[in-house]
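The structures come next, written out as structure tokens.
Look for subunit A in each of the two complexes below; its partner is subunit B in the first and subunit C in the second.
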Partner chain A sequence: MSETTLTETVARDFGPPPGKPSRQKGDGTKWFFVGPAIIWILLFTLFPLLYAMRTSFYAFRSGKMLRWVEFDNYRNLFSDEALIANLQRTIIYVIVVVAVEMVLGFLLALLFNRQMRGVSSLRTIMVLPLFASPIALGYLGKTIFYEIDGPVNRAIEALGGNAVPWLSNPTWAFVAIMVVDIWQWTPFVFLVSLAGLQGLPQDITEAAEVDGASAFQRLRSITLPLMAPILWLILLLRTIDAFKVVDIVISMTLGGPGRATELYGFYIFRTARRFFNYGAAAAQGYLLLFIVMVLVSLLWSRIKNLYDTDEAEAR
Partner chain B sequence: MTQPTVHELYRALIRGQLSRRQFIAKATALGIAAPSIGLFLKAAEVRAQEDPTPVPADVAAPPVATPCDGDGCLFAGQTVTFLMPNETIQIPAFEVRDEFEAATGATLDIVLAAMNDTLPNLLQDMANETGAYDASIIGAWWLGELVEGDYLIPVDDWITDERFPQWSLDSVLPGLKNLMQYDGQTYAIAYDGDGQAFYYRRDLFTDPDISAEFEAEYGYPIPDPPELWDQVVDLAAFFNGRPLGPDGDPISGITMHLAVGQQAMFHFMSFSAPFVVGPDNTQLYWFDPETMEPLITSPGHVDAINKLVELAQYGPEAMMAWGLTESWDYFLGGNAAMSYTWGDLGALAQETPERGGKSQVKGVTKTAQIPGTMRYYNIAAGEYVDTEAPNIVGNTIGGSWAPVISKFAGAPEAAYYLMALMATEPKSMAYAARGFDGVDPGRTFHFPPPNGTGDIAAYVNAGWDEQDALDYTDAYFKLFSNPLQFPYLRIPGTFEYWLALDTHLSEAMTGQSSPEDALSATASDFEEITERFGRDLQLESYKRSFGFE
Partner chain C sequence: MSDYFERIRRHPSRLAGDIFIIFMLIVVIAWTLFPLYWAFINSIKFPYDVYGATWIPWLQFEPTTKFWRELLDQREIRNALKNSLIISIGAATLALFLGTLAAYGLARFRFKDPSNGSLTTWFLSQRVLPPVIFVTPFYLLARELGLRGVPFLGLDSVWTLVLLNATFNLPFPVIILTQMFREIPKEIEEAAQVDGASRLEIFYKIALPLVAPGLVVAFVIVMAFSWNEYILAVTIAVKNAIPIPVIIAGAESTRGIDYQAVGTRTVLALLPPAIIALVASRYIIRGLSLGAVKG
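Right, the complex of A and B next:
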């Protein structure tokens, strides 16, 4: 008996009768399934995008549209020195936090991808920060890094060191918000990497082990290449998310001291919700969208290449 | 059959006659936009909210209004929705709710928003003409934004209308009264009086041994109170690091709240006022009233920021990241010799652990006017002016939180009734004396003789140390009555201008830029904001708000 694939079953049950053109009976059913998605996209993606686009061509005063300003809000993006500095700072932030989270999360996943006593409890504890809201972690971070008698400084002083000006010094404040981001999102990398590692075929690794490959050789030549599509995907998701960070800045530093921790997402938030300059905020939002889209395209093409290579090798 | 209005639907919602889903369906059928529906739902969420901070009976404000009956209920069936920051300043609104409802037949809904979300929520409601909020408590700097946006109802006619509880506009001290008015009309109802005063430890300043040591080092006795910022810098340097704190810990000379976004710019304003404002220059501080060009880089401003940076080195480094409460707590814990901030600190100093507070400095906290200078830079004349006596400038810096009524209110008169009730003398006196509700003194009857018609017993009965209360009320009376007042900015974009100052001030304080560069960068930001808002429009608003010809 020949096996029937899912595609064949769907074609038989829902597809047009043999010999008839496909655009006859199937249309209604197709729209039934696709319609909600289209409505969703129109309402929650396209409409806000278009509305924001319209908003970006206006100047605002006292919360009201003041006048049509053509492309001024977009032109200002390239002449606003604070914004450009802000973008540079955000890029540094994204590179550092995503890199640390990727390395740390993956190493922890390697560590926990083995049978040992209490491993499941440890895994659960490891991912707890992931389930906290970023704003809550931010406030917790502010408490932990409190400079006078805060727990971190107390620990440093107990070990004989000097208290660190975590929030009042521009450099340290930047470090502090990055630490909180890393604290929250390393578990995400850990969780997804661990799931990936557990799905890898064990026979290849075991064969290499039998052939005398060291642990590092197995990691470099087997685990990493096999994990590459997953790691690139994690990188993509974390990069997009890190560009949009707002909560941690709001709860910990409000962008200070000076502008030392002012990140791009916070900048947009403040332009809209504190200065009521919705036009400029919309244009800033479009710039962020553009940056993220470019990144997504680059990273996605890389991921696609990896999958294509895998498929070609499999054939 | 006539269709219900959205306000009628809202009232049905908060009375439980409509579910949220039914409300959304009916409001949508009326063609109400989704954001507006969202605002109504948000307002309804807090309708049944319990009083978050019950007031102890011994300091409760006395009832003033008489319960109404039948046709005597002026606003029966109406609902007043009152938007307030979720800070202690909301306490009196919850306290008065039952009395108001019994006296008018109206219902009072209090919507609490985070401090930083109150104005955005209010502005969003007004710009969309939704009318979800009838009234709100606002900071004085919002008045320009709201009046220029044509969002508020002036209340002059109602103040003398006998249907409402009576309160006197003339009871408000001059500096604060100006903040309630704009372009000749009154928009705000008396509530809170904010201004920054100077606080210091009476016990340390009057200790003979310490005073002798100070005199030996600086060549003059400890001034009580200090009248010049130069003296304050000397004092801060002298006290900083001395083991005079609890358990003999070293204390700081001064404490301030200098974090970005936490109102540090107000520290600069009150500090810099006597460097720029004086008898020959009473109003030029922010902008040139002919060109709207910023004046923030004047030599007076530069002197001030340099002196402030010098003073800040005698405080804890952590204060660069402190908001109000951290700095207040530091002083209240006995860890600093001096501070300058709002009236809340004086009131909180009375809240000892036995009373549920944290203060270690009750009975030793002295309040004085903000110190001055012996010379200021007269911007109009472009020259320094030396003064014979200390040039001391009053200020109303801060929120001076006061209720206003929305032009889109569904029940504006009922809203005014509520505000007027809270502004009556017996209630206002109780609010100011107990202090913990964030309502600070600012009306003639808040101050004991010879300054006003009040009675210090009201403060003592509310738990104050008598000497602390006498010093405090005297300092605030002088602060608000001083003919020289810091020019308070109230134009559209005020907060954006101030945040630019706040950010660059922080850069100077943390060594990221020189004080001069920080002010230049502030001026540059001011220009960009002015251009974006429209220079001519801003100039008109600026002239209107200050009464420039």
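Right, the complex of A and C next:
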């Protein structure tokens, strides 16, 4: 495999390809390769999105389209107090979960970024949570956090603590679903960070060590700047995915107790599938899409900026 | 080993560091594996054993395959397994077909307006779309298409789920394989072109075999994610097309939590992707890291 730096690898995937144009002729051929996938995605996303747009201007009752109501469904979004409380809850969830996963995953990657026999088997094991079905995990979480004699409470009691009301107390239930999310996705941050760390050029860090830079200094002024594009990318992907969480809530708490664990994705899902109010669900969906798009453009420019400066320095 | 002790003798502080690393290794592995092991032992325990703190089969409790046999005897479970296999393999095949073509195009041709970068970004951005937004339009569209007698695309059809899962997972093959195609030296393909091979022949006779590991990764990732997909499945499937994740969502009974049902069904849902992940883990780590790892 050819030697490539981290930024080059990122740049290759998320920017224009470096180097000279390979071939100018063959316009038809290149669209033969890329065209089908583009048409496919447009067909299956753009068309439903337009359809949802139309739906969002109608009132529904038990799944039947009643009448054109203009922007009523959108106006209702901002007068619905439950929805606003819900968004706040979701934002707290996203911030906490993503922060914990990023810090924990990156620290573990730093810790295990060394030549030792256990690392490859650790990586193999860490792949497992990523492939666990979230809906199954929710049910599993329910049995693990079961309040009477569940394994977590039993461990707490064995250590001399009091049983925690994991599923009946609003705050603890919120913590419990966060723990499940963290269990599943910290390995993602860990695996990608570790891969990134092992791709870093070793000589710079070694030179700094010889010059007497402390471990913390090396981390702050060498490792972190070099890892920045990868870390921003992980942050972007994790934030988007955390906003979309529905499955764990459905199987673990159904939004309860009360509305303590009702995240926004679940809220939309329930509007559509429990109350059959497709118009409102479409409007709620567009609000989520808007939020995610804003996030993407904010973080994307960050990733792109980092990439652009690297490119400028290279010249 | 003696080298190791020698090193420790010279730098006693290293020992504390090594012990810490080993301790963390054990903590991380235990934390990761515990839920999976918990699901597994519950699936082989009789109800009266569930509440005892017993962890080792045969020594601490008598394991049973009773609940597994009961589970696999149910026709709806076997049907759900079949549906899940069709959905995951079908979606992976379709996504790989479209994605590999696109990836080769992005890796080997120069695009202007939109550039290669924006095209790749656009493919990646499909991951941004929350599937929950599509619940309503897909349901209404499938209902309408079904009523009009369009084959394969109605409600309660596994083929609808194949198409939808392929769409939402298409970014994975595109990103993974674009990277892999770029790593093939151009000279190999140019030599074939001199020999008179067409672009398409070069693609499937030369480039495709060289990215075989990438094809495996992309296939496995799309397959596992389609296997686990719940929201679209519960929207489209009504009866015949119900896959495993929708079945496990019914594991809860009204009289409280049924450890055996949760145990067997969650293990049933976790097992196939887990086995695949373990078998192909080396490649998957590379694929999941989105181009950050060198081969």
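For the reader, a short list of remarks on this structure follows.
Everything that follows uses one rule, which is that the second predicted complex is superposed on the first by the 283 of 315 C-alpha atoms of A that agree within 3 Å, B and C clash if a C-alpha of one lies under 4 Å from a C-alpha of the other, contacts with A are read in each partner's own complex, and residues count from 1 in each chain.
As a working rule, a residue touches a chain if its C-beta (ideal position, glycine included) is under 8 Å from a C-beta of that chain, and two chains touch if they have at least 3 such contacts.
Every value quoted in this text rests on a predicted model; they were computed, and no experiment measured them.
Within the superposed three-chain model, A:Lys64 lies in touch with subunit B and out of touch with subunit C [touch as defined at top].
By the touch criterion defined above, A:Ala173 lies against subunit B but remains apart from subunit C after alignment on the C-alpha atoms of chain A. Applying the stated contact rule after C-alpha superposition, one finds that A:Pro165 touches subunit B and leaves subunit C untouched.
Touch criterion met: A:Arg273 reaches subunit B and subunit C at once. Looking at the shared chain after the overlay, A:Ile240 reaches subunit C, while subunit B stays out of its contact range. In the superposed model, more residues of subunit A are touched by C than by the other of subunit B and subunit C. By the touch criterion stated above, A:Leu108 is placed in contact with subunit C alone, subunit B being left untouched. Residues 146, 273 of subunit A lie at the contact with subunit B in one complex and at the contact with subunit C in the other.
Residue ranges of subunit A in contact with subunit B, taken from their complex: 59, 61-64, 66, 82, 146-148, 165, 167-170, 173, 253-260, 270, 273-277, 280. Within the complex formed with subunit C, the subunit A residues making contact are 1-4, 6, 9-10, 12-17, 21-24, 26, 29-34, 36-38, 40-41, 44-45, 47-49, 51-52, 55, 108, 111-112, 114, 116, 118, 122-137, 139-144, 146, 149, 151, 154, 183, 187-188, 191-192, 195-196, 198-199, 230, 233, 237, 240, 243-244, 246-247, 250-251, 265, 268-269, 272-273, 278, 281-282, 285-286, 288-289, 292-293, 296, 300.
Subunit B meets subunit A in the complex at residues 116-117, 120, 123-124, 126-127, 145-146, 148-149, 151, 259-262, 316-321, 330, 492-493, 495-496, 499, 503-504, 506-507, 509-510, 512-513, 525, 532-534, 537.
Subunit C makes touch with subunit A in their complex at residues 21-22, 24-25, 28-29, 31-33, 35-36, 38-39, 42, 51, 53, 98-99, 101-102, 104-111, 115-117, 119-121, 123-141, 163-164, 166-167, 170, 174-175, 178-179, 182-183, 186, 199, 203, 224, 227-228, 230-231, 234-235, 244-245, 248-249, 251-252, 257, 259, 262-263, 265-266, 269-270, 273-274, 276-278, 281-282, 284-286, 288-295.
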